[in-house]
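Below you'll find a set of structures to go through.
Presented sequentially are two complexes of chain A, the first with chain B as partner and the second with chain C.
Now for the complex of A and B:
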């Protein structure tokens, strides 16, 4: 059922690069006029979460002092995110480690899962990434207000600035703060969608140029696939590190 | 002008955003390399910042892609 999202051909015999992003209802479900169907997107989210949970569960089950292969990978992932938080937020941020680790592993899992042929890239839809970014944005704002009270509003007032410039700069600061969830979500979504579209377009060149000519785009396709795997990791990393930076702003308010 | 043609031209113009992304990525990697050759021991510590800068610069070009897609498929 999930395999249907892959290499179907659009009209005119030329593969449609956008076809891979189509969402199908697998189990139609309607709650109070809200379409809550179980789609192929939901299916792949469930698969990613099950795989991550299974991997982490199995790798820490033995809990040996000298880690085996799987436990090493789990420890590397843990240390990677923990160091990211320590470097960017400080030890005060370790309280939020579970959230950032979950976020990082989910985005990374979805991105990597999208590289599997015939699968569906969950993060290539802006509604998914925007929901994640909105959770980060709202959560960070609440943390800022909870920790500093109304003096969190001083965050929008840069220090050491001539008074007559303040009205302009406060407006700019507020706008730049409000665009954070948009830039955070669009960055991830656009990267994933552009990458997969590019791979599909190059893949269709291979088909279109036939058996003898198709080798030329195929040679390009191999490093591009490698680049896309790098981007898949990089975007998860950037998403997590920007979450850390926003959290640091809310916790420490240095300016 | 035919609105469909204007739409396609607009979508093509939106891809000019890639100029900025290309310049930005070039500056980031070029400056990293220049710094790394001057002080190789400090280079690994800044690798995370390099990747962050690369991803941020690349994303601004992709915003242009989003604009192109909005022009093509929304209007």
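Now for the complex of A and C:
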């Protein structure tokens, strides 16, 4: 949530910087004893998906040869992701363009949506980012096995290593492979959560220091909000590019 | 003949201008890259921490299963550390190649061309 949300107070009268991450059940729902309630997080995911779909649908609707403003933005997004895949995976990766484009737009949409005051940052919860990363990880592993069969396991055997070191290094390689979804999800979640907590803390300083003292943190907050928008783009980019790199490993099997 | 020399002079001046503009642009690009240095630092730090934590977690889980506390925890903690360091080195390598070839340089083009070749062989 962005700067000027000092309104929601936690206990003790001070604004609670973690209050923004709370999950509320909007429509309680239980399926086979699993809590599948429609929460504020789900609501904002739906909003983000609707906004992205609406934006992409409307902006390319005219299909003019000379693109207007909106169409340019949509085309830039397309070109950006397409170039990313071509540079990192090669033309063989273009088969997976729809998935990576969707992933990129969703993460970017959630990050940017979080910058709107009073909104909820979906990507600031590790379970969301971990679910995304797990889909990438499992999908990429399946692609690797489907493409190379059992010789995909050679991916974990580094070349040019003395035989007695092999068992140790294979274990290390496997651990390093298994940490991929965790580092992918922790990076996105930690960046979003840290940034938004900082914004909230400094926002509460503005309120606490009153009319005369509050200007100092406010002046800091303005560039910091800009930085947060940059981080929102950067993290979506990093998430997409790492997906490309993992896909490249699965398709071509060289480090 | 004078016209010809004049034209040549103007052409070389234009070349200089273009070179200068190119230099400016690459400078701007490297500035922009430097501004995301904190992102790079964060990436490396997380890579290491996640490696250690994951190794420790797996070890703890195995210990719980086999009731052999703390053997697996210690072993996998070290292995996780090794994996984390390896990940950091790999990420750093990757960043180095990202830094060394600016977008659109001959090296990147060669690389993607090579990749395309690889695919043809597959």
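One rule holds for everything that comes next: the second predicted complex is superposed on the first by the 247 of 255 C-alpha atoms of A that agree within 3 Å, B and C clash if a C-alpha of one lies under 4 Å from a C-alpha of the other, contacts with A are read in each partner's own complex, and residues count from 1 in each chain.
FYI, contacts are C-beta pairs under 8 Å (C-beta built on N, C-alpha and C of every residue); 3 or more make two chains touch, one makes a residue touch a chain.
From a predicted model like this one, the values you see are computed outputs, not experimental measurements.
Per the definitions stated earlier, placing chain B and chain C onto a shared chain A by superposition produces a clash between them. In the superposed model, A:238 lies in contact with both chain B and chain C.
Of the two partner chains placed around the shared chain by superposition, chain C is the only one that A:175 touches, whereas chain B remains out of contact.
By the document's definition of touching, neither partner reaches A:29: not chain B, not chain C. By the touch criterion defined above, A:165 lies against neither chain B nor chain C after alignment on the C-alpha atoms of chain A. In summary, superposing the two complexes on chain A brings one listed stretch of chain C into steric overlap with chain B, and the stretch in question is 38-46; the others among 38-46, 74-82 or 110-118 show no clashing C-alpha atoms.
When the two complexes are superposed on chain A, the residues of chain A that touch both chain B and chain C are 87, 183, 186-187, 190-191, 234, 238.
Against chain C, the residues of chain A that register as touching in their complex are 86-87, 89-92, 168, 171-173, 175-176, 178-179, 182-183, 186-187, 190-191, 230-231, 234, 238, 245, 252, 255.
Across the complex, chain B is touched by residues 87, 183, 186-187, 190-191, 193-194, 234-235, 237-238, 241 of chain A. Note for the complex: chain B touches chain A at residues 48, 51-52, 54-56, 58-59, 62-63, 65-66. Per the touch definition, chain C reaches chain A in the complex via residues 36, 39, 42-43, 46-47, 50-51, 53-55, 58, 76, 79-80, 82-84, 86-87, 90, 94, 108, 112, 115-116, 118-119, 122.
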